[in-house]
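Got a structure for you, questions after.
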Amino acid sequence: MRILVVNPNTTVSMTEKAAEAARLVAATGTEIIAATAAMGPASIEGHYDGALALPGLLDAIRAGEAAGAQAAVIACFDDTGLDAARSLASIPVLGLCESALVTAGFLAQRFTVVTTLERSRVLLENLTRHYGFGGRAKVRAADIPVLDLEKEGSGALDKLRHQIERALAEDGAEAIVLGCAGMADLAYELQSIYHVPVVDGVSAAVKQAEALIAQRLTTSKRGSYAAPLAKPYAGMLSGFAPAASA
Amino acid sequence: MRILVVNPNTTVSMTEKAAEAARLVAATGTEIIAATAAMGPASIEGHYDGALALPGLLDAIRAGEAAGAQAAVIACFDDTGLDAARSLASIPVLGLCESALVTAGFLAQRFTVVTTLERSRVLLENLTRHYGFGGRAKVRAADIPVLDLEKEGSGALDKLRHQIERALAEDGAEAIVLGCAGMADLAYELQSIYHVPVVDGVSAAVKQAEALIAQRLTTSKRGSYAAPLAKPYAGMLSGFAPAASA
Amino acid sequence: MRILVVNPNTTVSMTEKAAEAARLVAATGTEIIAATAAMGPASIEGHYDGALALPGLLDAIRAGEAAGAQAAVIACFDDTGLDAARSLASIPVLGLCESALVTAGFLAQRFTVVTTLERSRVLLENLTRHYGFGGRAKVRAADIPVLDLEKEGSGALDKLRHQIERALAEDGAEAIVLGCAGMADLAYELQSIYHVPVVDGVSAAVKQAEALIAQRLTTSKRGSYAAPLAKPYAGMLSGFAPAASA
Amino acid sequence: MRILVVNPNTTVSMTEKAAEAARLVAATGTEIIAATAAMGPASIEGHYDGALALPGLLDAIRAGEAAGAQAAVIACFDDTGLDAARSLASIPVLGLCESALVTAGFLAQRFTVVTTLERSRVLLENLTRHYGFGGRAKVRAADIPVLDLEKEGSGALDKLRHQIERALAEDGAEAIVLGCAGMADLAYELQSIYHVPVVDGVSAAVKQAEALIAQRLTTSKRGSYAAPLAKPYAGMLSGFAPAASA
Amino acid sequence: MRILVVNPNTTVSMTEKAAEAARLVAATGTEIIAATAAMGPASIEGHYDGALALPGLLDAIRAGEAAGAQAAVIACFDDTGLDAARSLASIPVLGLCESALVTAGFLAQRFTVVTTLERSRVLLENLTRHYGFGGRAKVRAADIPVLDLEKEGSGALDKLRHQIERALAEDGAEAIVLGCAGMADLAYELQSIYHVPVVDGVSAAVKQAEALIAQRLTTSKRGSYAAPLAKPYAGMLSGFAPAASA
Amino acid sequence: MRILVVNPNTTVSMTEKAAEAARLVAATGTEIIAATAAMGPASIEGHYDGALALPGLLDAIRAGEAAGAQAAVIACFDDTGLDAARSLASIPVLGLCESALVTAGFLAQRFTVVTTLERSRVLLENLTRHYGFGGRAKVRAADIPVLDLEKEGSGALDKLRHQIERALAEDGAEAIVLGCAGMADLAYELQSIYHVPVVDGVSAAVKQAEALIAQRLTTSKRGSYAAPLAKPYAGMLSGFAPAASA
């Protein structure tokens, strides 16, 4: 199997971390192809960054599918561009948030997502509701700028641990979901400290990608995710116009 | 008052229709400034078009605010880019779907949104839930390509009327919401035919914009819609990088 | 435009305060006609007062419509009698709670309503759910008897500020809604103190009234709000019997 | 036990029918005291009638409690004035809709309420949601003016049966709830025809009243249903002012 | 009337306590028949105990119906086996949780269930949602092993009171529901201490059983609760095979 | 990896079919161990069968874990005993319904579950709500006795196809979920006929089991799924008593 992992921001060290997490859980014979968005923001913190990450993300997915990927993972916990990517691609596309929530849902009745910045908290709260976990999952923000997760000595881990401890003490959390792709390397360590399941979205999404490929399942093209209709696109984005055959 | 009406697709005739609807309901002394996205798709039909409409839309909003607009309306019923625009701008930003739903909600307990294509139906159904109207509003698709609304003799009006009649007969609809900016010119005529309120999103959003300006209210910058953080943007989109002062 | 603002309790100073707030935001050319209920409770604190406020309220709405009002605002945050008034009148009728919630909803993802007495808290919580804001709005009671809002030195403002501060610190509130018509004069001051949107229901409802008039929209008479059927009414209330032509 | 059954409309034949249904199910030793509202509409069909029925209803409840009733039933399926009555009285107060829904809920997972007029359908749909049965109960209107239920040869029973048959065939209904106090005499006959539980609200509410009395339970006076605060009431309604001791 | 009260665990002292609570509220002429499960766990604490309590419970219900019971109460607050029992029996079957929630719902808008162990908390939270009380009822666990309720000096009452006091202070509870059959003897005392309604599930369920019998209502056999189909059962459970006539 | 697939009914041909489906999708190196319940019903059709299937199911899971299984799949679409099994086992346990719903959720916004008998329809509807898919998934029953799926010439496939066709035409289904373990062999064929994703629960659950093992995740023992407490079990079920060390 060949699975594309796209980092929708332009920071290569985050792509590498996601790829490493992906390879750690991938089945024997699964090839992980990592890609970094070629345009857009250096990190995705809130709605504006998320919007401008879309062209780079969609470009990488189109290229990855053309190069033979059988499934794609969008390595951002906001599930940025997930619906657009599912419409564009004929291969299945997985998001971190959706994958991590359903994974945690197999292990616990109640759990808490710990994300980076307050500005992403409600965004993720809305996603948990959209995916049907509104009554089961809480969301906490740890006040960590995303790129601090790439820096030694930033204090990011301490802040993350503080919110995990509050989730266990105050939320009745039975499991923890790490709410940022940049935390992918921390899951095992945190799990061994807190003795509850700690779910990383990159790992979860890669395994869902393998699962769909093995079941010969791909995105429905009936209704919501129908392929884009051919039409002109103007200006700087004219290269993104859907082909007539789509 | 000065209100910006942005058409996030690149079809100028749709911009003109929206501007006309806006001017028809605007208060004396309100100036409507119409803008068309300078890049992106000719119409927004589904998630992929919606994603690629964002740079052009956000650019137009930034320019409009800089030119003195006191509020902005995004003239697409999918509320494309609404959260990103609210984060970006310091003026209030209105979407057609949210504005039309709350307007219909003042007039009727149950109503039906009639939109263009089946691929947009579930997208709008999800929006109605997100805005809290899941139990009150149904969504129907009339199988009308968006640009057919710009063409005489396309049969678009007949298809629209057929779904309105089904909504009244089968859904218990007490009012109708027109689910596409391209239908903005049809509301009064349909209202006079069917004797129920027929809500157009452009008109509704313009009046909400005026209402917010008059109340000296603007988007909260605490939490979800905090201004974008300064950071590098790469490639073709480098010009979109948020300024350090944001 | 001519808009009726009805105070459903019998305290004239509250009517005057609401009228003042209404005039402050009304568009040039909008005439605000204020009316006070001629019978019923001096303030509305809980369900019993609310029930007995209805005859006076409905009487004032009928009279106001007969005198040429094009829309009516019920100046009580409980939206007392809103459904009955919408059935009775052929002009649109707005409530403070519904108007304020949708206004706040354009500005923030999460917000808190601060009302007067604990006995009104759950009542408003149920209204926020009914209007579709159950997942977005919290309700707090500040332990203020309604008529204390009319008295200098009652400590009401301090109590209100205390709950606003708790909402910002504990609820993740991005905006505040003032949950009583008697607070209409405080919105701008509180907004300047706390730097988040502070929404007053009277102002919000008046602007919605103008918006509906401008769009030539009025309450649907199909289904829920059909005009009352002619029938005898007995006793003290016989004068309220719907006319045969209704 | 002494249970008050109040008909909130002024039609005595409906009071008698409700009293008869109440006596049929009451336990040995339970005395049913029937009362008819002394003022207000001859039947309750929609929100306006419901609003004007409140003074007569609340007056009858106050008088009934003073005369020694240990619980009260409001014999209208709209649960008109239920919250106000619970605030006013120190004895428990039951509504037909709430009582019938919970009764049906013990017998079936899915059921349908059949009511009289279309204008009451959404009102009852909202009540079913408020009581937590939104996902389990459907509501149908049979196009029967309420007072036709009092007339031989009105065709009311045929219309009712037609909707019951549609509920069984189309809604997956496992039980039927009769959605008007005026249908109280029809439950057993319909149950024997259709072989599914048919629940009458008057019977259900009377049994709930007995159940609460036997358990020595009454309405909580903490929070939502706190007793009305003493204050002046003006005009025609001055006699309704809460006593200072309340 | 003859009502069966089945204790689905095998601890006889709990059966006796439930029977006593049942007799205290039963109407004159109602006979309470108590039964203890003949196989399975000594107490039900969590999902595993609940699963293994089912054969003993269902056996007791079958025997009780054969012996002439007209309704059955399952005396466990988890409503263990309620759906299976309703499918099996032709008499109505009541659960403690469902009965107590609807009873509290007649008395208060918001209330708190206090149960024994943390492992049962989410289970009951899910039940409250299933029964439609998700927005009205909170659940607290008092850290009391079930059988401690049978022991003098275990400290169970103090733990229970501590959580009731927190519910009143922190949850806005207007009433309390005792969340374990083993607390059936404490309701009146706690009600006199805290001056809010305190609902015991055994009492509530017995009165619902009487109510259904008096109304000649029983479980619908259409759809969800259709009688078990005849088929072979293997091994130790072969005696449970449904009869062909079922 | 070693994954246990337990058929909770006693029909060996269904176990074999499930095992075959499991092996078809399992990764290289995954060993599927199939087990059939040693006691209980020959098929699970409704709540009563489901209750009596639990001892046999839990016994098989305990034995499978003792024999070295790293995860378990309960091969019944009702997710019979899933919570009890998760409490009992220290390995992860997957249900078909939960696994299939989340799988379909990656591929489509709206889909329909087609199950066997009407008596299972509402049961599955409740499960879809519990898992958070209430707004996305519809459930249809095809009127197929479960064991007819094992018989050539029973007409079962035609009935199933009829409901799939109605789901596509009437429900707006974008994908189909097969709602019975006995349909596991039909997914690929139906997918090739209807050109939408057709999800089989056995396949979906096996892949989820592999995913959890690869991520080193197992059921949280904090809260809802805490291990059973040691206590005596009486009678025929005494062998099921949890060990003291649990």
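By written order: A, B, C, D, E and F. Residues from 1 in each chain.
Just so we're on the same page, a contact is a pair of C-beta atoms (placed from the backbone, for glycine too) under 8 Å apart; a residue touches a chain by one contact, two chains touch by 3 or more.
Labels paired with UniProt names: A, B, C, D, E, F = Hydantoin racemase.
Keep in mind it's a predicted model, so treat the numbers as computed, not measured.
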item	value
Set of chains whose contacts include both chain F (Hydantoin racemase) and chain A (Hydantoin racemase)	B, E
Copies chain E (Hydantoin racemase) and chain D (Hydantoin racemase) - interface residue numbers shared by over half, same or different	same
Separation of chain A (Hydantoin racemase) from chain D (Hydantoin racemase), taking each centre as the mean of its C-alpha atoms, in whole Å	52
Whole-Å gap separating chain B (Hydantoin racemase) and chain C (Hydantoin racemase), where each centre is the average of the chain's CA atoms	28
Centre-to-centre distance between chain F (Hydantoin racemase) and chain D (Hydantoin racemase) (centres being mean Cα positions), rounded to whole Å	44
Chain F (Hydantoin racemase), residues touching no fewer than two other chains	109-110, 121-122, 126, 134-135, 172, 223-225
Interchain contacts, given as pairs of chains that touch	A-B, A-C, A-E, A-F, B-C, B-D, B-F, C-D, C-E, D-E, D-F, E-F
Residues of chain F (Hydantoin racemase) that touch chain B (Hydantoin racemase) when the two form their complex	109-110, 135, 172
Contacting residues of chain C (Hydantoin racemase) [partner chain D (Hydantoin racemase), same complex]	10, 37-43, 45-52, 54-56, 58, 81, 83-84, 86-88, 118-119, 121-123, 126, 130, 145, 223-226, 228-229, 231-238, 240-242
Touching residues on chain D (Hydantoin racemase), where the partner in the complex is chain E (Hydantoin racemase)	25-29, 92, 94, 98-99, 102-103, 105-111, 131-136, 168, 172-175, 188, 191, 195-197, 199-200, 203-204, 207-208, 210-212, 214-220, 222-225
In the complex with chain E (Hydantoin racemase), residue positions of chain C (Hydantoin racemase) that touch it	121-122, 126, 129, 134
